[in-house]
Structures are given as C-alpha cells and as structure tokens.
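Each of the two complexes below includes subunit A, the first together with subunit B, the second together with subunit C.
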Partner chain A sequence: MSTAQTTLGEKLQSLPKPALYLVLILLTSVPLLVKITIPNKEAKPSANFYTMVTGTVDPTFPAFTTSIDATKPVLIQTDWTTSTRGESAGQFKSLMRILMIRNIKFCFYSAGDPQAPQVALDYISDINEERVKAGLRPYERWKDYVDAGYFPGAEAICNAIQNNFGTAFKNVQDQDAEGAESSVFESPVLKGVRKVSDFSVMILVTGSNTSNIAIERIKSVPMIMMVTGVMGPETQVYYDSGQLKGLVTGLKGLYDMESLMDKDPQFKGKVTTLDNGAKYYPTLHIALLLMIIAIIIGNVGMFMTKKRAA
Partner chain B sequence: MNETYHTWRLTFSVLATVGLYSVLYRENKFYRFFEHLFLGLASGYTMVALWTETLYSQWWTPMVGSHLDPVTHKGADANGYWAYMALLPLGLMAYLVYSKRHNWISRIPIGIILGFWSGQQVQVWWNRYGPQISDSMKPVVPNAFHYVDAQGATQFSLLSPPATAVAQPGAIFGTTALSNLVFVLTFICALSYFLFSFDVKNKLLNGMTTSGRWLLMVGFGAIFGSTVMMRFTLLIDRMYFIWIEWLQDRILPLFLHR
Partner chain C sequence: MMDLLAQATPPSDSSPFWSAPNGSSHLVIGIGAALLLGIGLIFLLLQAPVRSRRWIVALFTFLAGGYYVLYFFWPTAIDRQPNDLPRNPMEGVTFWISDAFPIVSTFTNVLAGFLLGLGIYSLWRVHGRRIVKQQKDWFFSFVLLASSVMMAFIGYADWHSRQGLNGPLLANKANWHPINYAFDFFFEGGLQQMDAAMFSIIAFFILSAAYRAFRIRSVEATVLLATALVVILSLMGVITNAWQSGINHLGGPDAFVQNFSLDTIRTWLTNTVQTPSIRGIDFGIGIGSLAMGLRLWLSLERTGS
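Right after this comes the complex of A and B.
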C-alpha cells in the first residue's frame, strides 16, 4: 500500500542497494576485458619520484634534475600487504623493475606489518620470472638485495635507523649465497654501509601512517614515498614542504610512473612498462562515473521531494 | 603438481573474495567463515613472525651469543649479552594486565614505553611540522618578469615562463605569486577557524573563520574523494583477480586445451 504512495523523488533517493552493487561490479569488470587508453599528464610529485629513481628527466619538468647515485644501495621500507594490493602492488612492481634494470642494490624491511616482507619477496619473485622470460638475469637475494625482515614498533626502528643504522640492523640476518643465515652487513648489498646516509635514498611503500613516523624520525637521507590514495592528501604536505623529494600517490601516481616508463628508452621494450596502472585506471574512471551519476540522481530526488513538500 | 596446487590456491582465494563481498547482500555464515579464517591466519602469522623475524634474531640470538657480529666478525662462539635476559620479565609484566590482583604491575612496562615515547615528542613534532611551518612563509609578490629560453634569449612573461625555460633560483613569476597568495590566505583562514572559535564580533575575523570552515570542508572533500578512489581501486583489483588472473588465465585454459 505504502509503495503506491511513494513519489518519484523518494524513489530516486532510495534506489535498491543490491542493484547499485550489481551495476558497480559490472562496471568494474567489463572494462577490464577491453583495452582502453586514457590520456595522461604526469603529476609533478610522480615525475620527481621518477627522476629520483631513474635518472631520467621528464621534459615537462626540466627544472628538477636530482637523481640518486646508482652505485649506492637503496633502503626500502615496505609496509603494504595484500589488503592494499590494488594500488601498492603495482607501485612496488614498477619500483622493482626500475631498480633491477638499473642494477641498483637494495635492502628492504617492514615496520608496519609482519606479512609485508613475505609479500615483497613474492612480488620480487614475480618480477624475476618476468625478467627471465625477457632474457634478463634474475635479481639474486643476498648479492643484489637483502630482506631485513619485520621490526615491530615503527617508532623504535625509525629512531634507531636515524641514530645508528649499524646498531639498528646489527643482529639482522638473511640467507647468504649458500643458504645459511648470515649478518646482512656481510652481503654485497650492505658492504660498507654503517649510517643511513650511506644509502642513496630511502623509499617507503606504504598504505598506513608509518609514513608519518618515518618522516618524524629519519632526516639524514633523502626520502621518497609510494602511498595509497587514502594516504595521499596527508602525505602531499610533506612533498610540498620539501620533506619528500618525490611522491607517488594511489592509482594516478602508479599510472604516471608507468606512462613515464613507457616513454623512457631505458625501460621500453626491456621490461613491462604498462601494467596494473594502465589496466585499472580506465576502469576507475567508469566506476567514478557511476558514483557521480548516483549522486546526481540522489540530489535530483531530494530537490523533487523538497519542491513537492513546499 | 605445482600448477594444480596454484590453481586450487587461486580458486580458494576467489571463494574467499566472494565470501567477504557477500556481506554486501546481508550478514551471512559464508561471510563469517571467511572473516574468521582471515583473522585466524593473520593472528597466527603475526605470532610466528614476531618470533622468527624479531625475537629470535634481535633478542634470543644475541643473548645466547650465537650471532655474527658485523663489527667484530665473531661467529657462533661470540659471548652472549646475558643482560638481555632482564627484558623477559619486563615484557611478561605487561601480560599481568589480565590479572585482577596484580594488574598494577603491567603499568611498569607501559610506563617505560610511554616515557620513551614522550621523550621523543618535542623532536618528533619539530621534525614533522618545522619544515611545513617554514615553508608556509611564501612570497606573494612577483619579482621576475623575464626568463631565458632554451636558445639563451631573454623573453618577457607576465605570468609564468614555459617549461623549457632555464630555471632561475628565487624567481617568483605572476602565477607562482598568485598560487602562493591562495595558499597563504587559505592557511590564515583555516588557522583562524581554530584560533577564533569563540564569539567573534569583528566582521573581518568572522568572515575569515567562516571561510576557514568552508576551506576545511573542501579539504575534507578532497580526502573523501581520494578515499573513495582507493576503495574503488581495491574493488577493481579484486575483479581483475577473479576475471583475469583466475578465470581467463587459469580456468579457461583448462577447458580450452582439452
């Protein structure tokens, strides 16, 4: 009886949720099956990040020329797991592809999640498979990179890294070339490294607020970050104030990275350049379109109801 | 064998994904099962990782003296740091929080942690906000109207030079000054919203606090927008996993190659 009295305005404001979810699932599934290219203008923070790790200066931002010393190792704090796979996995993979093609050694650890080091190892393994298929040498654990594991208490480890990296990682071990557990300082990656400033750059790949903790405590090495879309607005201020030298934010940042790699002869044709970012970005636009339409329908319904009541 | 295992693993992951998303329809046992499965896995993994990744290497091994010192290069026969033993009762004290009679003891380790944390805060605050405060002092008056182009010729520009212009440190062109002015006004208005949150009679201050509130709303809107985009991306990734990684790359080839 009551449905017969429901006005169009009220109906527009109370679309059935399951129907909306169904449409959303359809709209986030179908575009994945077709190739759509979205034109892109890289954001300056992403371009700066790219220049830092690749040494390639984007012609759009010629004023920014700083890049890391490829002979020094890179320190990576990886605090993401599969819960932010949609954004962080693509970001991490593009970073790995860049470091590996440039033969830059790296040491990674996590201060955010115990599962993060294993997730990182899994994705390094995937990139290695890709490299082998492309005829490139696989990146070797111990010789090219070390896994320093998980440190509970981001505050404590970041403080320790800043004060004395040698002491902070003193007891950290990883599998050496023979498979035995040995001090990470014995590896070719950390040979000669005693202070955090002995690294060329510190890179955080994170979906949580460990980014704030690192910025608050680590100052002796240039820092760049790859963060999720949620973390973007609060991390952007650190980039604007110069505390971060580069910043990749969410899916847009990832697409920026992939677009820049796709234009760069250093990577084009050698490794996968357009990956998750290029696959997901068009679909995101379509999903956002649905949200905009839903907001418009809801507002039209509200105005119709108000007008009728008046 | 390995491929079969991988296919089953992916299939189970798809079931878990569908199970968790089934809550969108309504609360159900299928969803509850996978929710508890995830929680159990995460808790179990964390407990093991805490021992293998942290306690064993950071505490146990140095304590019993079987570590390799990177400085002294002493191997398995290195002397143990038995003073680390004192950390065990200190850590265990925290668990007395569950005892009604002795829960006061848990305040000792908590107090130590709070003490360390509080001691860091002045430096931490300054490291985080100092550069931002300093960066907020932005010039709002343009001081450059000429730039040098790629060919070395000097050109006039009222607003901003093209991207190919030679960089001039300290040059403030029109658009930069305007952008800085917007920043400074936004900064002052947002700040005044908190400073003047008592009864303000002055029209200018009133306008600033009102503008500050609106500008904060714009900021929150941007944060909300980014959050929504991220959630959509996570959904897209799950859809990619189901349709492409599992169905297209794993399941369909099994039937098509028969």
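Right after this comes the complex of A and C.
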C-alpha cells in the first residue's frame, strides 16, 4: 500500500489547529512576562470623546473644543458584562476615573443585561479602593452617583427617557445615605433633573446593539459612546453623521483614552492612567500579527500547490 | 376617554397605587391580585372559541401597536409646560399621547420582564425533565439548576443584607459579612470569570477561521483581504508608526505621498466605503423591519399552527 506524499504547499494549507492554538497561547502570554510599550497616535473620535468628558483639548485635534458642563450630572447607560471586559471594563474604568476626578455626578442604568448594574457597581468599588489608596475621597453612592438598575425593554425605556425623563424614572429607587430605598430624584445627583436635556451628556458603554436603539430614540442630549471593536463599524456611521460627539472603539480607543490621560496634568500622578489598555494593547498586536502570518502561510501554501499542479 | 391611561400615572402621595413600598402588605396584596387577575384573564381567553381567540389577540396587538404609531406620527407639543391645558381636540390627543407614554412604556417593560420568567420556566422544564428521566448528561443539567438556585439564594441574601442602616457601610469591604463574601465569590469569582473565559475562546476560532478562509481565490477575495489587512495594520501602533516614518522620509507634510499613510487609507476606507455600505444595509434592514412590523401589527403573519 502506498500513501500519496504531501507537498509543502498542502502542508502549509493544513497546519493542525492545536499547533495554531498553542502558538496563540504562547505568544499572547509574552506581554504578561515582558512589559511592552507601544507607540500610539490617538484617533480623532477618541480624542473628541476625551475632550468632551475632560475639557482638555488634544493638540493633535485643536479644532474640537466642546466639553461638558461639569456642574450637571451625566447619564450613563452601561450594557456590558465581563464577556466583553477585555475592552469594556477598561473603558468603563477610565470613564469613572475621569468623572470622579472632576467631581461629576452620574446616574447609571442598563437596558441590555440584568448583570450589568452589578458589574458596574463592582468596578466602581475597585476604583474607589484605588482612590482611597491614592488619598482621594471615595465616591459615595446616592451622594455622588445613583444606580437606577435594569430595564428589560431597551426600546421602551429609551423612548420614555426621550419623552419625559422625570416620569420614565419616577418609580426608580436606590439606597439613600441611611440605607433606605428612596426615589432617585431625592438624591443630590438627580436634584433638579426632570428632562434628559438636564444632563450634560449621555454616555453609553456597551458591547451590544443597544447603542443603536438608544441613538435612534434619544435626541435631546449630546451623546458619546464607548463600544467594543466588533461594534465599531456600525457605530462609526453615527459618529460620521455627527449624531455622536465622540466615540471610543475597542482596545485601540481605550489605549487612546489612557494615553491622553497619561499626558494630561488633570490625571497624571493622581489616578492610574495607563491600565487595561496599556496592558492588553501589546497582546492585541501579537494576536493580530499572528493572524496576518497565518493568512500569509495559508496563501503561500495555496499558490505553491497551484503552481505545482500547473 | 382621552386621559384614560394618563389617570394611571402614580399620584404624588407617599403610597401611590402603582408603586407600593418594598415589603409592605399593600405590595404583597397587589402582586397577588395582579397574578390572580392575569391567570383569570388567560383562563377566560382559553375558554373563548378558537376562531374568536385569533381576533381577540389581533385586537390587542392592533391597539398596542396603534399607540406607538400615533406616538410617532401625531404632531408633538412644542415646549409644553406642566400646567398647560389643550386648546383644541388635536392638542388634546397630543397631550394624551405624551401623558400616557410612561404608562405604556412601563407595560412594555413589564411584558419584557415576562420574557425572563419565560426563559427561566423553559430552562427548568427542559433540564428538569432531563434529570427526572436521567437522560444523557443529566448531571450537567443538575449542576445548571443547582447553580441557578444557589445563585438566586445567595444573590437575594446579599441584597437583603444591604438593606437598612448597614447597607451603606457595606460599600467598604472591611464591613462585609460572610454572605457578601459568598456572593462576591460566586458572582465575581465564578459566574463573571466563566463568562469572560467563554468569550475569550473566540480568539482561537477567529485565528483558525482567518487562516483557513482568507485565501486569494478571486478578485473579490483579494479586495476583501487587502482591505482587512489595511484595517488590521492600522490598529497596530508599531506598524503605523514605522509606516509613517517611511512616508515622512519620502516627503514633507504636504507631499502627495502623505495620502498613503495607513491612517489616511484606513480613514478613506471607513468613510468612503464602509460607512455608506453600512448605511445602505441599515436602510434595507429598516425597510424590512417596517414591513415586518406592519404585518405583525395588522396580524397578517401566519401563526404557524
């Protein structure tokens, strides 16, 4: 019995999956052992987002100077859980650090996942621990921020927020300073807020298409978003049309935010500036490089086989 | 007639009809009564002749959908103040639509909440049957159901411990009780980590799929590959910086060659190719959704019986 000999081209086209997986694991583990700093040029949508929430104008994009009124609260729709934490957790943490340093009050809710409010609370708790270690006061629930919980119907709540924020959140309660459940409108955060336009900005941190649902319905307040890389292309459409004033997309967007924070005296030395983005960006580089090499190997193999057959 | 639903807006006294305080007998009685009423209505619907059932469902679907159609198409009031009164029937309808919106939206949220209940019921039904009949892999079903019960119990106990005066103190981990640690261990240490681990598996599939599928077999595939390559490379700071240095060596800031920086090509691709394409797709989806919505609203969809 004779077995047909496998050519190099065929071999290159059929590398075993376990070998690919092993190489991926080994290479993406490198940044865990070695600190790699990646040079970065911030993207314009990220810089616009940054200017909007911090008031600091990036010299690369001096034309964009709009920023939020720090005396007004911010409305946050947080629709991510740990399934997308590689990108979303870092984005959320950097946002929290910025709002807390600037003493901006915020109200958050979720219209995408029942776990999301608890996940957000956990990360706020982490940032508070970090602040206490840095000698800063912890952000207090009720006084500085309120958790409005989860709304199962994204379309319904977004419509209701646009129609009348006061009635949409009328029955929403959170723990007050004494631990009793009280209307969120009694908190210092939402004091005087009746319409969605009473917020300085609405920020969505999401890994799902609730971003589209929100932007299609809520029009009376400037909106900015932090989305995962997968959500980037479809969200970019709204940024290009001017409906979004800023957009942080995926790990690159997060690294942009952290790089900008690291250059900004408002944050440098006061809070952690380079965190998840700086940690994971080298890993993304290696994974993407490996993907390019794998694609090249597959195509070289295909051409070698074709050439031999011809 | 006009303010029928608007009257359901909770009054501003301390114990409104629609939102009783947590733990009050008012709330318990309200939930019980609503449950009985719901069961009664479903029972009545089941008693109705089969042919008329379809019409009853169609009527409710039409009324429910009709509200949102009116909300979208009816002119809205400009700068309406809280004490404003309608000056004519047209404005009366405008005010009614606006006032009823939070109530309709609450109904929608409650209905969406039922989906969670339906999901839990379905999960228990399927896996409970598998355990009872000891079908293949019944043990995994047991683990699933046991985990869900445990998580619900611990989650509720944690929430309960945070009520009252001690609640705010628990923001500091130093004041935690064993139940708070248990919740953190299972939610943050278990559920969340498994969730993240499951999602991270995608990296392996993407690498394997890119290696096997991205082959230059046709002109279209070549264009797709070249575009993907530009986008991937533009995400890599090391590559973009090296590329930009090369371009800068070839010409100054106003040189024609600057048009070939990775960032510029990527931006051109995004703004000129990707965004219009996605807009086109979204437009198509929008028209399709509208057609589908009309069919559902007017009960023209076949029931699949």
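Basically, the second predicted complex is superposed on the first by the 306 of 310 C-alpha atoms of A that agree within 3 Å, B and C clash if a C-alpha of one lies under 4 Å from a C-alpha of the other, contacts with A are read in each partner's own complex, and residues count from 1 in each chain.
In this text, a contact is a pair of C-beta atoms (placed from the backbone, for glycine too) under 8 Å apart; a residue touches a chain by one contact, two chains touch by 3 or more.
Note that the coordinates shown come from a computational prediction; the quantities given were computed from them, not determined experimentally.
For the composite obtained by overlaying on subunit A, subunit B and subunit C cannot both be accommodated without a clash.
In the superposition on chain A, contact is made by A:Gly179 with subunit C only, not with subunit B.
Contacts of A:Gly192 after superposition: neither subunit B nor subunit C is touched. After overlaying the two complexes on the shared chain, residue contacts for A:Lys41 are found with subunit C alone; subunit B is out of touch. With both structures placed on the common chain, the touch criterion links A:Ala294 to subunit C but leaves subunit B unconnected. With both structures placed on the common chain, the touch criterion links A:Arg217 to subunit B but leaves subunit C unconnected. Residue contacts after overlaying the shared chain place A:Ala160 against subunit C, while subunit B stays out of touching range.
Of the two partner chains placed around the shared chain by superposition, neither subunit B nor subunit C is touched by A:Pro265.
When the two structures are aligned on the shared chain, A:Tyr280 is found in touch with subunit B, with no touch to subunit C.
By the touch criterion defined above, A:Pro18 lies against subunit B but remains apart from subunit C after alignment on the C-alpha atoms of chain A. On subunit A, the surface touched by subunit B in one complex and the surface touched by subunit C in the other have residues 17, 21, 24, 28, 84-86, 114-115, 151-152, 155-156, 159, 170-171, 173, 233-234, 237, 240, 284, 287-288, 291 in common. Subunit A meets subunit C in the complex at residues 15, 17, 20-21, 24, 28, 38-41, 81-86, 114-115, 118-119, 122, 125, 128-129, 138, 140-142, 151-153, 155-157, 159-160, 163-164, 167-168, 170-171, 173, 175, 177-181, 233-234, 236-237, 240, 252, 255, 281, 284-285, 287-292, 294-295, 297-299, 302. On subunit B, the positions that touch subunit A within their shared complex are 24-25, 42, 45-46, 49-50, 53-54, 57-58, 61-62, 67-71, 116-117, 120, 124-125, 127-128, 131-132, 134-135, 163-164, 167, 219, 222-223, 226-230, 232-240, 242-244. Those residues of subunit A that touch subunit B in the complex are listed here as 17-18, 21, 24-25, 28-29, 32-33, 59-63, 84-87, 89, 114-115, 117, 149-152, 155-156, 159, 166, 170-173, 182-183, 185-186, 212, 215-217, 219, 228-230, 232-234, 237-238, 240-243, 249-251, 276, 279-280, 283-284, 287-288, 291.
Here subunit C touches subunit A in the complex through residues 9-10, 18-19, 21-22, 71, 98, 101-102, 104-106, 108-109, 111-113, 115-116, 162-168, 171, 173, 187-188, 191-193, 195-196, 198-200, 203-204, 206-208, 210-212, 214-217, 225, 229, 232-233, 235-238, 240-241, 244, 263, 270-271, 274-275, 278-279, 282, going by the rule given at the top.
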